[in-house]
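We just call them A, B, C and D in the order they show up, numbering each chain from 1.
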Amino acid sequence: MPDAEWLFDGTLGILLLVLAGAALHARSLYAAVVMFIALGLMLALTWARLGAPDLALAEAAIGAGVTGALLFSTLYKAGMDRHKRATPNRIALLLPGLAFLLLLTAAWPLPEMHSPLPDQVMAHLKDSGVSHPVTAVLLNFRAWDTLLEVSVVLIALLGVRQLYPSHGEVPTPWPLMLAWGRLLAPLTVIVGGYLLWRGTDAPGGAFQAGTVLAAGGVALRLIGVLPPLGWHQWPVRLLVLAGVLVFVAVAALTAWLGQGWLHYPTGSSKVLILLIELMATASIATTLTLLVVGEKRELRP
Amino acid sequence: MSTTLFYLAIGIGLWLMGLHGLLATRQSIILVLAINIMSSGTFMVMVALATHSDPVDPVLQALVVTGLVVAVSATALALRLAASRRRRTEDDAT
Amino acid sequence: MVSWTWLLPLAIILSSLIPGLLIFSLKERQEKLRTFLNLTGALVKMALVGVMLYGVSNGVEFRFSLPFLPGGGLLLKGDALSLQFVSLSSVLWLATTVYAIGYLEDSPLRSRFFGYFSLCVSATVGLALAGNLVTFLLFYELLTLATFPLVVHRGTKAALRAGRVYLVYTLAGGAVLLMGVVLLHTEAGTPDFVPGGYLSGMDSEGNFSSTVISGLAGERDFTLTVAFVLLVAGLGVKAALIPLHGWLPQAMVAPAPVSALLHAVAVVKAGVFGLVRVVYDVYGIESVRELHLNQPLLWLAAATIIYGSVRALEQRELKKRLAYSTVSQVSYIALGVALAGPLAATGALAHLVHQGLMKVTLFYCAGNFAETLGVHRIEGMNGIGRRMPLTMAAFTLGALGMIGVPPLAGFISKWYLGLGALEVGQDWVLLILVASALLNAAYFLPLIYRGWFAAPPDEWPEDKRWPALHPLLGETHWMLLLPALFTAVLSLLAGLLAGLDISPLAWGQLIVEREFAP
Amino acid sequence: MNPALLSLLTPLATAILMLLCRSRAAVWTIAASLLSLVAAIAALYQVTTDGSQLIHLGGWESPLAIRFRVTALSALLLAFTALIHLLVGLYAARSRHSQTRNTDYWPLSCFLHASLASLWLSTDLFNWYVILELLGLTAVALVSLAGTKAHRAAFNYLLLSLAASLCYLLGVALLYGRYGVLDSLLLADMLEADHTTRTALLVITLGLMLKAALWPLHLWLPPAHAGAPTAVSALLSALVVKGPLFVLWMLWSQVAPVELGRQAGPAMAAAGVAALVSAGWSACRTPHIKTLVAYSTVAQLGYALLALGMLLRWGVRELHVALWLFVFAHGLAKASMFLAAGEMQSTLGSKKVSALRGATQTVPVAMFAFAVAGGSLIGLPPSGGFLAKWVLLQPLLLEPSHWPWALGVLLGTLASAAYVFRVIALSFDRAPPPRPDYNPDPVAQWLTLLPALLVWGMALGGETLILWMSGVAY
């Protein structure tokens, strides 16, 4: 049914653009953020439509979930709702218009092109230790990218640590929220663990799992079950750093004793990848929780 | 016009919308949203490109996962900076 | 003998550089140590220069090189021309150091002053010993940097303004010079300076050919001409050729020893010395003539001579008058170079030394008047000879020399310049020389008249007295008086004994023989 | 282990361990920089004896995995990065004014070091994207160490850096869509001058120019670099802006089709000259010391851009040498200049240029460091800056038709002389009576002088350096 497909694609595409425009030009910041989160959900839908379930999961968890939480907490903390609407700027309109034509003509021939990489990934998949190609790329073929990416998450936390602390204490939770939170938290652990495990042979993986766990962590913190988390607590630091630490240790050891930088020894690929994923999940979960709920101020008292 | 090309166009459109937002506004939260829209556009271009191989190109998917995580980290930092910057301007005013 | 010859050029530079760096680290009150370092450096340098003079006249080659740029290393070389300049600067450095110690007694920031003072002399000597254009450029820029703190030393508004003007001119000049040097380097590399000019010995492909001056191709001519213009423009700033002379009169606000150094030894001379190097040892007389470049340079020099003298006549402030006089007098050297004949060249090279000796005397005296009696302007000089006869006598010697009264030093150089002009058939230059001499007389004779014959005022603006070494020398501080007398006597001797083998004139003839050798 | 990898691993591992053990020890950072420097020198030695080498990460073959390439240049850049970190670390550890006490400066600077090291080694377009993000976020975190007053600059820096990365990423996506590989060395043989490639390169170039603060996309740099803590300013100006420049150079000189380079070259060179003049002018006008130094960075990057543009236009080999000599000389000189400016500003208690009145008397050594570093920026002989300018000028002066570009260099020289001497002239004024809290630290001042002395020392081995750099493969 090509017509129905076109209808779906067309609606989705237009909806995406409209939501983006609405987020940028909404009358209040609150509305803008809501539009943006809706945009995130539509994007997740789009990824699913385009046959990328890993991304759909990641987008739902990271793009819509974490970013939304961050946006709302910023709005709440900074008490911002005054918003001057963007003044129509002729350059701001004209420039993208011209650029659109340029980029579109550049992209025009691309659907005809083919890349040798997917075939190579498939050819080497069995040597990689995992059976899901995306995970193989992330944690084996291009593991160095992933190592740096885990560092990026860490740096974001370090950067936030240098700023003002988040405002005040967590508000007293409602009873209903308490109940929900207690129910939600174990659920997130189960879902996260499942996503992580499944990641080796089907969509899912460290980032998605970490994000889901972080959601649980945030919920627990909000209802006051979790104590305030702080950088000064060594378990917290260890959790935050575990991903990078293990990753770098593996890289160093493979380079020093093994065959080369991040060249996993034959046979132990799966174990190493699982270890790294596990640690990365813990780190991402802790880091994101800290990023959203903030931590006690300790620098520059 | 194939599906791939359609989503490429949408991706470019989103990217440019983000760029437009960056140029047109001074509100820090909106600026962060604009950046995020821009990155979504980029990712959509990448995912659309991924569909023209069968099965869907795992390399591009992996790159987008990496990109998403980078984007969310940067957003977290940007939002906290925006809040802190705002507080400072308020401190100055009082 | 061979083992130490490479060391000597370096040692000559270090003999002032090391004391200079040490002086920076001294405390303000360590006066004795500072003086000791200064004088030791100056004396050691003179001794080393003496050794080198002896060596060069016996044909020993002094050469120190260090790889620095591909095809243009750092090269220090002692040849006859460099020694002319090195000897001048080392002798005058000693005199000026003594003078400066007396002049700056009890003033603040002396460590800084003497530190830069030594650096300035090191740069000058390095520039004189430079064996190729890159090395020359290097020391030329260092000289700018070392002199700037001296110009602004007083830290007054006027001094800072003058310093800024000085920087604008000299840094722009340095940048233009750099362009010229690089342009020439792309055309011909940067070989050592060669008497007769290395470009004259090259064919259009840039190879040295055995047949001197083969045909220079058209584009190469154009490049060489542009490079020459850039080099002359860059050097002309320090040599104060019009219209690039604007910084010199302003720099007068510097303390008197600095002015003496700027005018007689370091900055202005560095510019002219560079001109000599470029015309003789880079292009060679033949090439310059062939490219028709000497005639414009000649006009420029002649115009500067007349312009400087006319402006000097207008000035009512003594140091300003002397400054414009420098603009005029230094161009005699450029004139001699541009005339491109052996006699004129001899005159120019002799004038390099003569002008230095005379001008430094005049500045010492002007400084003495200002320091002792507070006299800055020409009107204040009435009867000053009665209060300060020795200083006024030195001043008179210097001024008469400048006018060119025989048998003083200035006469010798002007005589040779005149003969040189006739030799190459540029008779109109004689008119310039005569006109300039008349103008010189017009602005110097009234000073001499006022000093000796006009009635002194009832009271001097200020009247300082220092404990005298000897009753005869009691008119001012002995450290201010002796250098002035010393250089005045030297300038007298340079004229009287011009026929001797050791005179500046004879040395100039030696250089010219080598330059114009077929 | 390969010494180049060791040079990268050392700061990375040190940063993590420092965070874990909650030690902000300067000693560890300095030791790590030193070790990294030694490893980089070993890598340099290895490369010069055995030739450049490729490291396949994870042992996979090239289109599939990321490759590292150790060339003479990347080894040199590794050594340079470690050296600058070492010098700045020494100052930061000693000075009271480095604003590094009780903050995460040390681990963050180690991360900065590690990300730069991986940038020099990598050859993968997407890997560069991640590194550029890492670099940008680390730099922003470091800028925000200066406290709330720097947050506005940090925020703008972050936004522009992100936008630039996204420009870059879009271009990379287009290139991947067109050619199907991400490895720049493989792309080098594949690229054709078609519309897609052209557009992709345009978008990438714009992104990188924004990140490297190349004129006219430089406006974010002065507030960010001037507002950062002193040691951070030095690192940012000396190293961080060079990262995107490296990628730009790699892409255009190694990957892009020659005819595209020919077309783009003059535009880049013109932007370079414009940077020299306009940023030089701004530096002469600004009332703040560190802003002056920051504008000088923008201006000096103009030289690099000019060299790159001319390189693309004419393909003259010497211009590679000129470009990288500029980078090295500017890095050392600028580190010294920022440290000196920061030290003087803190000792004298004012951010204004006018506060430097009489600085030769109140903070003599720091002022001397400023002047010495400035001399190299102007290109006075015999400094590293002079070497670079010498190599740059030769091809420019070779043909009369190229001379207008040489005029650009002349203007740049004059502009830099103007802003450097603007400060120096003021410092020779008579000093006002010192403030009550005036308490200079001579040792810290000497440490600011160290990089400047090294840049002048570069000239001592100038001939060897230039000949060696002309000889190595690019």
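Here are some notes:
To be clear about the criterion, a residue touches a chain if its C-beta (ideal position, glycine included) is under 8 Å from a C-beta of that chain, and two chains touch if they have at least 3 such contacts.
Here the structure is a predicted model, which means the values were calculated and not measured.
The chains touching chain A as well as chain B are D. Each chain gets one centre point, the mean of its Cα atoms, and the points for chain C and chain D are 43 Å apart.
Chain A and chain C have centres, each the mean of its CA atoms, that are 73 Å apart.
Separating the centre of chain B from that of chain D, both taken as means of CA atoms, is a distance of 28 Å.
Between chain B and chain C, the centres computed from C-alpha atoms are 68 Å apart.
Each of residues 15, 18-19, 32, 45, 49, 59, 63, 66, 70, 73-74, 77, 81-82, 84, 87 in chain B touches at least two other chains. Under the contact definition stated at the top, the residues of chain D that touch 2 or more other chains are 126, 130, 133, 137, 140-141, 144, 148, 151, 170, 174, 176-177.
Annotation for chain A: residues touching 2 or more other chains are 103, 107, 110, 113-115, 117, 121, 141-142, 145, 149, 152, 155-156, 159, 163-164.
In this structure, the chains touch in the following pairs: A-B, A-D, B-D, C-D. Partner chain C is touched in their complex by these residues of chain D: 358, 360-361, 375, 378-382, 387, 389-390, 393-394, 397-398, 400, 406, 410, 413-414, 417, 421, 424-426, 428-430, 459-464, 466-467, 470.
Of all residues in chain B, only 15, 18-19, 22, 28, 31-32, 35, 38-39, 41-42, 45-46, 49, 59-60, 63, 66-67, 70, 73-74, 77-78, 81-82, 84-85, 87-88, 91 touch chain D in the complex they form.
By the touch criterion stated above, chain D contacts chain A in their complex at residues 1-2, 5, 9, 12-13, 16, 19-20, 22, 55-60, 63-66, 68, 102-104, 107-108, 111, 115, 118, 126-127, 130-131, 133-134, 137-138, 140-141, 144-145, 147-148, 151, 170, 174, 176-181, 194-196, 198-200, 203. Chain A contributes residues 5, 9-10, 13, 16-17, 20-21, 23-24, 29, 32-33, 36, 39, 43, 46-47, 50-52, 54-55, 58-59, 62-63, 66-67, 70-71, 74-75, 77-78, 80, 83-84, 86-89, 91-93, 95-96, 99-100, 103-104, 107-108, 110-111, 113-115, 117-118, 121, 133-134, 136-138, 141-142, 145-146, 149, 152-153, 155-157, 159-160, 163-164, 205, 207, 284, 288, 291-292 to its touches with chain B in the complex. Interface residues of chain A, counted against chain D in their complex, comprise 102-103, 105-107, 109-110, 113-117, 120-121, 124, 140-145, 148-149, 151-152, 155-156, 158-159, 161-164, 232, 234, 237-238, 241, 244-245, 248, 251-252, 255-256, 259-264, 299-300.
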